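Two complexes, one shared chain (chain A), two partners (chain B, chain C).
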Partner chain A sequence: MSTPRTSFGRMALNGAAGLSLGFILLPLIFVTWLAFFRQEIPSFPPEGYSLKWFSAVPGNKNFVEGFVLSLQVGVLATLIGLLLGVPASLALVRHRIALGPAVNTLLLLPLVMPGIVLGTSLYVFQIETEIATGLPLLGSLAGLVAAHTLVVVPWVVRLVTASLQGSDRSIEEAAQNLGAGPLTTFWRITLPSIRPGIVAAGLFGFVTSFGNLEMSLFLVGPGRITLPIAILQYLEWKIDPTVAAASVIQIVLIGAAMIITDRYVKLSRVV
Partner chain B sequence: MARLSIEHLNKKYGDLTVVDDVTIDIADGEFLVLLGPSGCGKTTTLRMVAGFVPPSAGKLTIGTRDVTTLPPWKRNCGLVFQSYALFPHMTVAENVAFGLEMRKVSPADRGPRVAEALRLVQLAGFDERYPRQLSGGQQQRVALARALAMEPDVLLLDEPLSNLDAKLRQEVRVEIRDLQRKLGLTTIMVTHDQEEALTMADRLVVMEKGQVRQIGTQRELYEKPADRFVAGFIGRSAFLDGEIAAPGRFRTKGGLDIACGAATATGAATLALRPERIAVADEAAGCANRFEAKVEHASYLGALLDIHVSLSEHDRMLLQIPNRQGAAEPKPGETITIGWGQDAGLVYPRED
Partner chain C sequence: MSTAAPEAVAGARTGLAGALVVPATIFVAIGLLGPIAILFRYSLNQFIPGQFMVDGLTIENYVKFFTDPYYINVLVRTVRVAVICTLACLIMGFPLAYVIARTQSRFKNLLVMLIVLPLFVGNAVRAAGWMTVFGNRGAFNASLMGLGLIDQPIEIMFTETAVLIGIIAVNLPFMVLTLQSVIEGIPRNVEEAAFSLGAGPSAMFRRVLWPLALPGILAGTILTFILAMNAYATPVLLGGPKFQMMGPLVYGQFAQQNNWPFGGAISFILMTATILLTVAAHLIVQRRYR
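The block that comes next holds the complex of A and B.
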């Protein structure tokens, strides 16, 4: 039995939750709606509906190349981010290392740093490095991947440390007690027990990299642009729903990735 | 299966000594219990034997092998964790087979040994279950089977029953003990539960503040506690503070003069008496020490009655009398006669 007071509280909570959800979903709904408008200049009400903008996306060279590059950078940055972030998390959680909390904060920092600031600093850094070493870093795939790794690592560290803290340390000791060396223990026991955290970290890291605009703006070179930049550049000249269609394709792909991942690891339990 | 010797084992964290010069010899097939209040160093001692805590000093020998500096995975000690520590992503059979796999036992040979281990703990047929699908008691058995399957030289049990409910705990005690006897496993168990320790052990080690206070059988610990701590920790004792005035005479703070055979060296001392060895009313008639005592508080415990009495302004004690049919139950405020023989008390140096 709920008293009037608690039912009012519940209603207020549901209302606030609904409002927030609407706030998040509304742009997505509008973009999706817009992608099916027939007319070139978006205006309400729509004059009719069409699928032609979707077919325009694969025809646009910038979008296709941008998609391929974003995919490459995202996958590479995620893999490197995991290779760096998982051992870092292990060191932070399982071993008492000097300045542990400071290192932890440092690893999370790129997440709170504004993209513009990050982009500018990396731009300067890459130019200086290029001048000093002669390596063509700025605008290269390597330079872009290195920068994106920076924004993937915080996700990995955050999610994997949380996973490690939640996993029972004694199962690792049990494995060692049963005759497993440190490496076997890691592969057979530690890794499977933090797998949901790693999968979630990979997914969120990839999505962050894939959608990154501000930082990438500084680091791409001629003929090598990521999908968000291709969309931005397209918007400078045209505002037809092709951009909306490209966004819908992205939403569907990322949504599908989330749903598939969630089937194997319950994301809500990790994040 | 082997004997285990712990020699002058020491563990320091900075200035803090958590295990202080512990020496214990455990015979082949013996069931030894480390008993003590929390923080007494018993678990650290066990973890040093298992290899998870490097000793600051001392030597550990299993059979003829010096294992002091060996890592955990080379010690061949089967440890049952308090939390069971089953691998959540593996089935029961995979959990139990893990130790065999690490010892490079071929898959064909693992099957029968896993089945045998599960049969020993009465979990045959649970092979394909996952730990989360088992009850606490079943998980505990899997943990035990996993430790047994690898045929350890020494079995280590870290408070293995503390997460089970009271009724199950009593059953499992007996089961573990039977299994240990049948397999002839040298075993160390850590517990803070006195009853558990007394029912299961061949010998007990009472620890406090990192030190071994006494090693002995149940009877030795109860009848001849080495110090005041053991006298209060194993079973209960009534303590009277005072001094030994002359050999054979103990004088309490409140001025009572007590005949006590154990009082030899003179000086400040504490007299310890077992509450159930104190006679009441007519039964006290022939005792060397007899006093009028005022009942302060009486508790009805079913089979027993706990009576708190005061003998003088400074001397209070506990006695325990059987709840016989028709026996009078002393009420608070009553004065009763109590008594004990001159061999009933033990004397320890005063700790104040």
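The block that comes next holds the complex of A and C.
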């Protein structure tokens, strides 16, 4: 089949694919390049290279506090999201429940709900809750974690249900025939077989929360902003190698998290 | 990236199943539907400057939006940007998705990671990358001037072009990943069958690949369209204060004007417009390719 025409088509196809991939990666390449500039103004070609901007990042209070807050919110929202989402996925796949498809759709809904709409509606909801209960919710850690849990749950449900559907139910039945109770079966058979799905759900949930911008914008309070918002506010003011260095640190951390996760579960199989 | 409902398996205890699924369901129902209901109620309230928000039952906020050419313009611009970006994502995303889906290379996983990484890094960081490229002394202008092709820098920052490029780059990974998972589900045999029956690459694409991939194309298109309609960071950073889209407009009403009823109404108009256009696209595609 390798006539000249098809091999030319193959090259054109690969070329188009390469261009698209380059287009996706281009902004990350340039932000990384900028982080190593010697001069402060982002003008090309650079006058020289320096590592000094990386030491400026820890001195920026907004970046450091934003990073810590994003980490706290991401970890808490992911844990709560897993606690809510994994049992729900089990019920949806392994049991016949009333309104199953409707419940499934509802649990996936926050994923397609626009961030701006989520943010505005949660903002007014938290205000109403504050008025009703007297508890300070808006701008608090609890308020942020609750909102982020809402966008973590769909990732968990989606990835864990897919994982459960792929795992062999007859092994669970065999365990139960051999005398294992439901809890033992879950702990010794079901959980290990869906571990890749849970790891992937944890990663995607955490990263979705960590990078969330649109929704969080409405829910953060003064002196309590997440890292993406700190970066956005800085960029609205100016672009320089300091914010680029902060971005590079974020790129490296997320890349490392992906590589570690990839050892447990191949990313190309879960996304 | 399928969102199909899983098939329930018979013969299980419903009591336990309920206990497993109810917490998540209640959490999402209260956390998602409750707030949207309250937002809708707010959008029917009145806003009187100085008095903040007054309880009422009026559609004046919606009337205000649809009778002011400024706001209509913002809506039209948002839809235009979203449509262009979605089409561009489809055209640019398909070849890349196809190559990744069909490759036998051991670097396949690396390729997927290279597409997922930008997705995870966030919109603000990627906008920063484009700001580095687009500025008057940025990489793009400096290269062209260095080559002697232009004397004066081309204004790209704070134009619609910059916003389009930024949003396409942000949404392209979503399209690629959605298409890739669907193309992987199409057996390679059907393509080879088409070729061996004499179809050229373009006929094979049009008559075999495209119809079979249509569910994924639709899912990817809807996802990127929703994201483009609701973009915030990209228009703010690359479009500047004068380039208004719906997302930043909503935020401005809440954060700067403190006009919650009107902000709520715009938020609702944005959501409704997104859903209506999505459903319309769905119906058109279904009618044409049934």
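Some observations on this one:
By definition in this document, the second predicted complex is superposed on the first by the 261 of 271 C-alpha atoms of A that agree within 3 Å, B and C clash if a C-alpha of one lies under 4 Å from a C-alpha of the other, contacts with A are read in each partner's own complex, and residues count from 1 in each chain.
The definition used in the following text is that a residue touches a chain if its C-beta (ideal position, glycine included) is under 8 Å from a C-beta of that chain, and two chains touch if they have at least 3 such contacts.
All values reported here derive from a predicted model rather than from experimental measurement.
Partners chain B and chain C fit side by side in the overlay (superposition on chain A).
In the overlay built on the shared chain, the residue A:F30 is in contact with chain C alone; chain B does not reach it. Of the two partner chains placed by the overlay, neither chain B nor chain C lies in contact with A:G205.
Contact comparison for chain A: of chain B and chain C, C touches the greater number of residues.
When both complexes are overlaid on chain A, the residue A:G66 reaches neither chain B nor chain C.
In the superposition on chain A, contact is made by A:A146 with chain C only, not with chain B. Distance between chain B and chain C in the overlay is 6 Å (nearest C-alpha pair, rounded to whole angstrom). Considering their complex, residues 168, 170-171, 173-181, 184, 188-189, 192-193 of chain A touch chain B. On chain C, the positions that touch chain A within their shared complex are 1-3, 5-14, 16-21, 23-25, 27-29, 31-32, 34-36, 38-39, 42, 92-93, 95-96, 98-100, 108-109, 111-118, 120-133, 135, 137-139, 142-143, 146, 168-169, 172-173, 176-177, 181, 195, 201, 222-223, 226-227, 229-230, 232-233, 236-237, 246-247, 250-251, 254-255, 260, 263-264, 267, 270-271, 274. Those residues of chain A whose C-beta lies close enough to touch chain C in the complex are 1, 6, 9, 13-14, 16-17, 19-21, 23-31, 33-34, 41-45, 84-85, 87-88, 90-98, 100-101, 103-110, 112-118, 120-125, 128, 146-147, 149-150, 153, 157-158, 161-162, 164-165, 169, 182, 207, 210-211, 213-214, 217-218, 228, 231-232, 235-236, 239, 243-244, 247, 250-251, 254-255, 258-259, 262, 266-268, 271. Those residues of chain B whose C-beta lies close enough to touch chain A in the complex are 50-52, 71-79, 81, 83, 85-89, 98-99, 102-103, 146-147, 150.
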